[in-house]
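Multiple structures are listed underneath, in structure tokens.
In what follows, chain A forms one complex with chain B and a second complex with chain C.
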Partner chain A sequence: MSMTLTLAVLLPFLGAAGVAWGSRLGRPTAILLALLVVLMPAILILSLLDPLVAGETHLEHFAWLPAAGLNIAFRLDGLGLLFAGLILGIGALVILYARYYLAAEDNLGRLYAYLLLFMGAMLGVVLSENLIQMLMFWELTSLSSFLLIGYWRQREDARTGARMALAVTGAGGLALLGGILLLGRMTGSYDLSIVLASGDLIRAHPLYVPTLLLILLGIFTKSAQFPFHFWLPHAMAAPTPVSSYLHSATMVKAGVFLLARLFPALAGTWEWNHLVAGFGMLTLITGAVIALFQHDLKGLLAYSTISHLGLITVLFGIGTPLAAVAGIFHIINHATFKAGLFMAAGIIDHETGTRDMRRINGLWRAMPYTGTLAMVAASAMAGVPLFNGFLSKEMFFGEAVGVANAMALGWLLPVAATLAGAFAVAYSLRFVHDVFFNGEPVDLPRHPHEPPRWMRVPVEILVVICLLVGMLPALTVEPILHLAVSAVLQGPPPVHDLAIWHGFSPAVLMSILAMSGGVIIYSVRKPIYGWWDTQGGRVDFRRAYERLLQGLLTLAGRVTLWLDQGSMPRLLRLFVAVALILGLAGWWGSGSPLTGPLTLLPLDAVSLSTGLALVLAAIATLVWHRQRFTALILVGAVGLMVALVFAKFSAPDLALTQLSVEVVTVILLLLALFFLPQTTPEDPPSPRRWGDAVLAVLAGLGMSILTWAILTRPYESIAGFFLERSVPGGGGRNVVNVILVDFRGFDTLGEITVLALAGLAIFALLDKLRLSGQRVAGPATAWHWDRHPLIVASLVRLLLPLALLVAVFILMRGHNLPGGGFIAGLITAIALIMLYLANGVAWTHARLPDKTHPVIGAGLLLATLTGLASLLFGHPFLTSTFGHVHWPLVGEFEVASAMLFDLGVWLVVVGSTLLILIHLGLMSDASRDGLAPGTPVRGSGAGRSAGDSPPGPGC
Partner chain B sequence: MEILLSLAIGVLTACGVYLLLRAQTFPVVLGLTLLSYAVNLFLFASGRLVEGRPPIIAAGQTGYADPLPQALVLTAIVIGFAMTAFVIMLALKARAELGSDEVDAQGEPHGDPTGEERP
Partner chain C sequence: MMALAVTLALALVAAAIALSFWRLLIGPSAPDRILALDTLYINTIALLILLGLRLNSNLYFEAALLIAVIGFVGTLALCKYLLRGDIIE
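Presenting the complex of A and B:
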């Protein structure tokens, strides 16, 4: 299968990393690498050109989650080709330009890496066949634009602008996701080919309006349409190459791209026409008017961009095929002249050190060449004949006149179009006249002169395109326009004539009105500026946005504060209470009886006494919980009873695990108790305490009832599968163990990872922790009478090999009989800890490695490798195999690869348990020694002999 | 038998919850331990009570206890230990940093109990 497009989209992502790395070799290397990264996708895409011209849509499909309709799928049609051309072409120019724009101290490699990331994301948007995949790239453009706007991270306005752009476009992306999901539900597919072919179905669907609204929210936020336009001017804090690329040619076009893309699926309804054209018109006017009053060069261009995006939106909103042609055409034209203008503005900023048009005046003498380029581009922006902007603007005027007769209130559109056209002429005039003429420069930070040769080249190229398209449209732009429009309309484009003069029509009249109107507005600009400075900015959407954001934050803060007042018991009370209420509500609603039909097991005397012992030990723990040592022993007793319960009800593995964990837990708590107060202060009876008691009793009652209800009901289990497949499939008779290491081996891998992480985290917590233990007043304290009783010390040393042998035995037999890695690991850990307890930490420490990290690592590695090995044989991860070998003396012996996995489990359990206990023990040892503060705690006792080593606490 | 186990789980839960709501760290750890016993038993009980038929395949044996909840609880016991250990270390850390074993101890760190100056 062809991977050409997939590769073309992925290359910039890979290239971004390469360029970031390669930029350390100097700026020339960086720029060469970056241009290479742009060139390769271009070549790949061009290689697909022939079938495209023949009218085929190139598709690439890779199954990902086919059940959910999610596939990696790319498509190349005329629209995608046009946008890919804009993205790569202007991208290359911007890369060239940025090299001269950025100051020497700015990191060019970082900018290139971000730009290429953005380029990849943008290519992904325009070349995606799957809509969900397109949305992912869409969000990636938001993210990379966040990085680009905030490129100068030390500047506050850059950070604010980046955050605002991300918040607005991100929120829009969320809405878009909703819209796409709805589209997928209507059509049963996320593939564009299917969605585009289901236009009638979508438009007739009851969910059409919500879908349209959600998708339009995504589009309007991205393309800075009214009332979401406010983020774009703030994004001007980005370096100018970025503005030139993202905020004129590409990212803001992603919104109108989607309008064009989904045009066959969504357009043609009353809602579409009114919403899209309506908001487009508002944007058109708002942007054009505000642009005139910007004193910042880039601010003017930003609002002008908003206005032009509005123009394109209006065209798609009108919805006729000819309007779509004009829309696509204007996308091309605007991208070229606006990118050129931004670059010119960047040159001016670069040369003069400011962007304030009240200070930059009369640059014509210093920069006639740049001035000429800027004038050509500005003329295109104003819609002057012979420049490309004129052609699409004429088509727009023509379409607007058509609407006047077709819709109620349709006359508004030509009026608005003419007005916006007049303002466009006025602000274009201002851009040229204020900057290059209009008196002398005022107090410029730098002395301006023409920029370096290669900084002008990108502008020259763009300006030449403006002129060529403006004068010879049929020869230059027609082929690509034809392809793109066919893709937008999913059919042959309407008859259109890209000529400069069509004869006298209303559109020409509107053009003349706009031209003269613009000149008049500019000539009376002084009083209007004054009026704007007092009246303007009254309706400030940015402030509304900030207030909304602040409100949301305050609300979130209040909710958090209401739930969490910094008190854990309070939060836990809330938690238990809510769980009780939910449980009760669930049971109440079900109306089912408490007791199920299952026959009960008879009660025998041993079980009764065990159960009662368990209950009594638990209650005793509660009663004596203030005497902490006593309570600890009682908790241990409860644990032992629990182990008995497991043993009684056919769970030998659980009984063994519980038994060994109990020992380790009690030792751990004893060690910890050494550092904590020995008693809990009296808590006098209070309403709160009574409340806790009631809550606890209710919780207990709830659990009792729930358990009872479950135990008395029959159930369906998938146990049969495991029981049947255990021996033939897993090669083991102990089904619990086979589940752990084979059937659900992936879960177990996750669990031992958690265990390893817990061990390491505890190690990190203990690091540099200074705690003082119990002050030993005299030789005999409650903690010990004899440091290390000789008999115990000797016996444990003798028993150690035996204990380890038992552990190995338990590990080996685990696959067929009760045992396995978890239990063997705990037994091993206990055997070693006994050594510490009986002989002292220092004695043992001198003989055993103190770091068990490698053991943990080895265990995880072994378990993972065992799983990976199955991949070598072409089976899925963690597939097990087994066979029988004949050992001399032992006889027939079964070996399963899962046993290796179990060995990994064993290593992790031993390593983590020892890591936790030994280091806590070492710490208590050090504190008992009364080390001076600041002395490293760990490893302090390593050199001493057994005789003088102080005891660990407790045993 | 079922009523006995239900009762035991209930008592363990009640004692666990009450201790969990105490103000000092050590009772909270004890409560957590009791509660995890209760939860493990409860999970185990979802496989129903079966006597004398462990899920170890043997010739001639008919019917086995459900191995699935057992496998679940086995790892739960071990993870429960890791969690208890982690909580107790947090308690120690809190005591070292805040000089108190109150669960809700707050405010500026004022040195550890030895009165040693902290950086």
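Presenting the complex of A and C:
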């Protein structure tokens, strides 16, 4: 099975991490590494070129969750090849350019890592065969775009822009997911090969319109179509290489890419034509008009990008094969000239220190070379003959005329196209004339001159492509266009002629009109700028978005406030009452008796007395709950009784866990109690308290009845299956442990990850936190002077090896008899905590490492690596294997790879438990250190002096 | 003979548990209660071992072993709290 494409997509992700790490070796290393990461996928993809040219689509399939239609699947066809070329080619240029663009104090490695992350995600979008998988990469592009827009995280506009882009494209992604799920439902597969071949079925399906709407929502948000276009100008807060790469050449093209991709499946209906062409046209006009009035260089380019994306959308909306050719062609052309223009804008920004076109004037004298490059690219943008933009624009005009009679209101399209063309000419003129001529620069922060040579090279390459394609289209762009269009249409491309002159046609007339119109608009710019500055900001979609967002936040706040008024009793009351009502509602009228058919077990004295003791201890805890320390002792008794119940009713694993958890809980509560009031204040009696009491009793009764009802019924569970499979499948006789480390190993891996994260989070919260604990032990009594009584210290030293031995024993035999990594971890943690209790932190840390983070990390790593090891043998992740070993003196026993996994569990439990408990303990230590030396610390009783002296070695 | 001995022992341990429990409930001071809890733990060891003998199962012994090894750590922590307030210092 070929893995070429899969590798090509994965390489940038790996490379991102590599470059982030390698960038510490200096900028030259970073750029070399990054270019290497771009080169490798390019070579891999090129190696698949021959069959592609022969007309084959290269497919790679790996089963993931085949039952759910989820597979890892990649495909390479002409469209994918074209986009991969754009992504990798422009990506390489941007990487080169960014190295000179970025100031020395900015972190180049981080930018490269994000860029490569994006590159991998984008490659994934265009090379995916499975639609769900494509959506995942689609979302990854949104995320990496968020990171890139927010690259200068100290700037507020960057953060706002990043958030806005993520919110808009993320919402669209959600809609797209809905659309894709519907597509999968209609065709029975998420594989593009099948979806693309089922166009007739999809178009005739009753769910076609909702599907189309959802998918278009995803496309329109991503490609910044009206009315979602507002996020793109705000994304310009990103560094210019990013704007050039993501927000003009590639990411915003993901939307139109999907239009092209799903063209055979969705296009050709009335809804498609009107929706896609309609919104495209609105975008085309809106973007072109607003672009002219932007004083910000990048703002102009952003709105122009919106307008051009609209143009491409219109072309796909028209839906004829020739329009699709023009659409693909314009994708290529726009990517080259707009990326070049953004880079030129970046050079100007870099050299002058501003992007305000009211201040940047007359740069021609300072930077004639950059000026020439910008002029070529701007001419392509305006659609001037001999430049590539002209060709695709002319094809667009031709198609627009063709539609005029075919659609309702079709005459609008040529008019709108000409008008947008005129505005495109006008804003292109402005870009060139305002910046390079038009008088003298106004108050520039820097003195401009030509940029370093390698900053210009990427622009030069792009500009040369613009010219070559513009003059010799048949020789340069025709082969790839041919491949891409065949992939879009799923058939041979229509006859088209990429020539500069086709003879006199309406399109030529429109071009001439647009050219002269643009010049006229630009020549009367002064009064219309003035008009725009007073009227223009009226319709602002960003404000609508912000109002929507604000409304959502307010609504969420209200709902939260309605549920949670900051009162714990109220929340508990609600929760218990709802549970009670739901339980009653479920039982009411079901006609099922409370007591099931099972016969009751005989009652023996031990069970009865344990049960009674449990109830008594619970009631006593309730009675004394205001005396917190007393309540804690009683809770300890409750825990012990529960452990006894577990032992009695054949749950030895649970009993062992309960016993060790009990000890840890007592220590944890004592640590916390030190910082809390020792008594709970008494509330005055009120009707509400009586109500609460009634509710509590009812809920308790309900729970008892429910338990009774369940325990008296025969209960078939999957336990039998596990019991049966435990020895043959997992090589262990302790089914609980085999389930934990083998059958449900994935769950356990997730759980220990959560445990590790919780431990680290608690550490992060407690680190450096200082709290003052209780000052005195009780009314007017002082704390005892002896911090670490000798008798305890001596006893603990004897006991420690025994406790550790028990822990190892429990760990080793866990696979066959009660025990395992979790219990052993708790026992080990308790044994070590014992050292801290008896000897203090300073003494223990002199003998044991004081950081447990590495232990947690090692445990997670071990568990994961054990899981990954099974992949090496060709089994799924976390497959366990076992064998039998004869060990002299010990005898025959199984060795399972799951035991290594269990060792990982053990390490994580030990590390996390110690980390949490020790840092809770250190918190008070820190508070004591925070006091000035010599201050009486705890009370002022006699004999304090001994305790205040610095701890000696034996202390 | 063995059965009788185990039954008798169970009865005696049960009585010990009841008395410890009584002490746990009436206190009156915190050390009384801590001591009662500790005794309760020790009685539980005995109870578990006797149950293991009676039901002929060695699964009870692990729980007894575990209580013997770590059961007193809770007591230790409770006492340390009474003496010093800060149990890990």
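The rule is short, and it goes like this: the second predicted complex is superposed on the first by the 591 of 955 C-alpha atoms of A that agree within 3 Å, B and C clash if a C-alpha of one lies under 4 Å from a C-alpha of the other, contacts with A are read in each partner's own complex, and residues count from 1 in each chain.
The rule is short, and it goes like this: contacts are C-beta pairs under 8 Å (C-beta built on N, C-alpha and C of every residue); 3 or more make two chains touch, one makes a residue touch a chain.
All values derive from a computational prediction rather than experimental measurement.
S.K.: I'd like to know which partner A:D692 touches here: chain B for first, chain C for second, both or neither.
M.R.: first
S.K.: Report for A:P818: first if it touches chain B alone, second if chain C alone, otherwise both or neither.
M.R.: Once the two structures are laid over each other on A, A:P818 reaches both partners.
S.K.: Contact-wise, after the overlay, does A:L673 reach chain B, chain C, both or neither (first, second, both, neither)?
M.R.: both
S.K.: Quick check for you: in the superposed arrangement, does A:V663 touch first (chain B), second (chain C), both or neither?
M.R.: So A:V663 only meets chain C here.
S.K.: Looking at the overlay, what does A:L563 touch: chain B (first), chain C (second), both, or neither?
M.R.: Neither chain B nor chain C is touched by A:L563.
S.K.: Of chain B and chain C, which one contacts the greater number of residues in chain A?
M.R.: It is B that touches the greater number of chain A residues.
S.K.: By the touch definition at the top of the document, which applies to A:L640: first (chain B), second (chain C), both, or neither?
M.R.: The second partner, chain C, only.
S.K.: For A:K648, select first, second, both or neither according to whether it touches chain B, chain C, the two together, or no partner.
M.R.: After superposition on chain A, A:K648 lies in contact with both partners, chain B and chain C.
S.K.: First (chain B), second (chain C), both or neither: which does A:I830 touch?
M.R.: Touch status of A:I830: second partner only.
S.K.: When the two structures are overlaid on chain A, which partner does A:V519 contact: first (chain B), second (chain C), both, or neither?
M.R.: Once the two structures are laid over each other on A, A:V519 reaches no partner at all.
S.K.: If you lay the two complexes on top of each other, which residues of chain A touch chain B in one and chain C in the other?
M.R.: 632, 648, 650, 652, 673, 817-818, 920
S.K.: Would you pull the chain A residues touching chain B in the complex into a rising list?
M.R.: Residues 566-569, 572-573, 576, 598, 600-603, 607-608, 611, 614-615, 618-619, 621-622, 625, 628, 631-632, 635, 638-639, 642, 645-646, 648-654, 657-658, 661, 664-665, 668-669, 672-673, 675-677, 680-681, 683, 692-693, 695-697, 699-708, 710-712, 715, 717-719, 722-723, 726-727, 733-736, 739-740, 744, 747-748, 751, 754-755, 758-759, 761-762, 765-766, 769-772, 816-818, 822, 826, 909, 912-913, 916, 920, 933.
S.K.: For the complex, which residues does chain C have touching chain A?
M.R.: My answer: residues 10, 14, 17-18, 21, 24-25, 27, 30, 33-34, 37, 40-41, 44, 47-48, 51, 59-60, 62-63, 65-67, 69-71, 73-74, 76-78, 80-89.
S.K.: Spell out the part of chain B that touches chain A in their complex, as residue ranges.
M.R.: It is residues 1-15, 17-30, 33-34, 37-38, 40-42, 44-58, 64-68, 70-71, 73-75, 77-86, 88-93, 95-96, 101, 103-104, 106, 112-114, 116 of chain B that touch chain A.
S.K.: Can you name the residues of chain A that touch chain C in the complex?
M.R.: 605-606, 609, 613, 616-617, 620, 629-630, 632-634, 636-637, 640, 643-644, 647-648, 650, 652, 655-656, 659-660, 662-663, 666-667, 670-671, 673-674, 773-774, 777, 783-784, 786-787, 789, 792, 799, 802-803, 806, 810, 817-819, 827, 830-831, 833-834, 836-838, 840-841, 917-918, 920-922, 924-925, 928, 938
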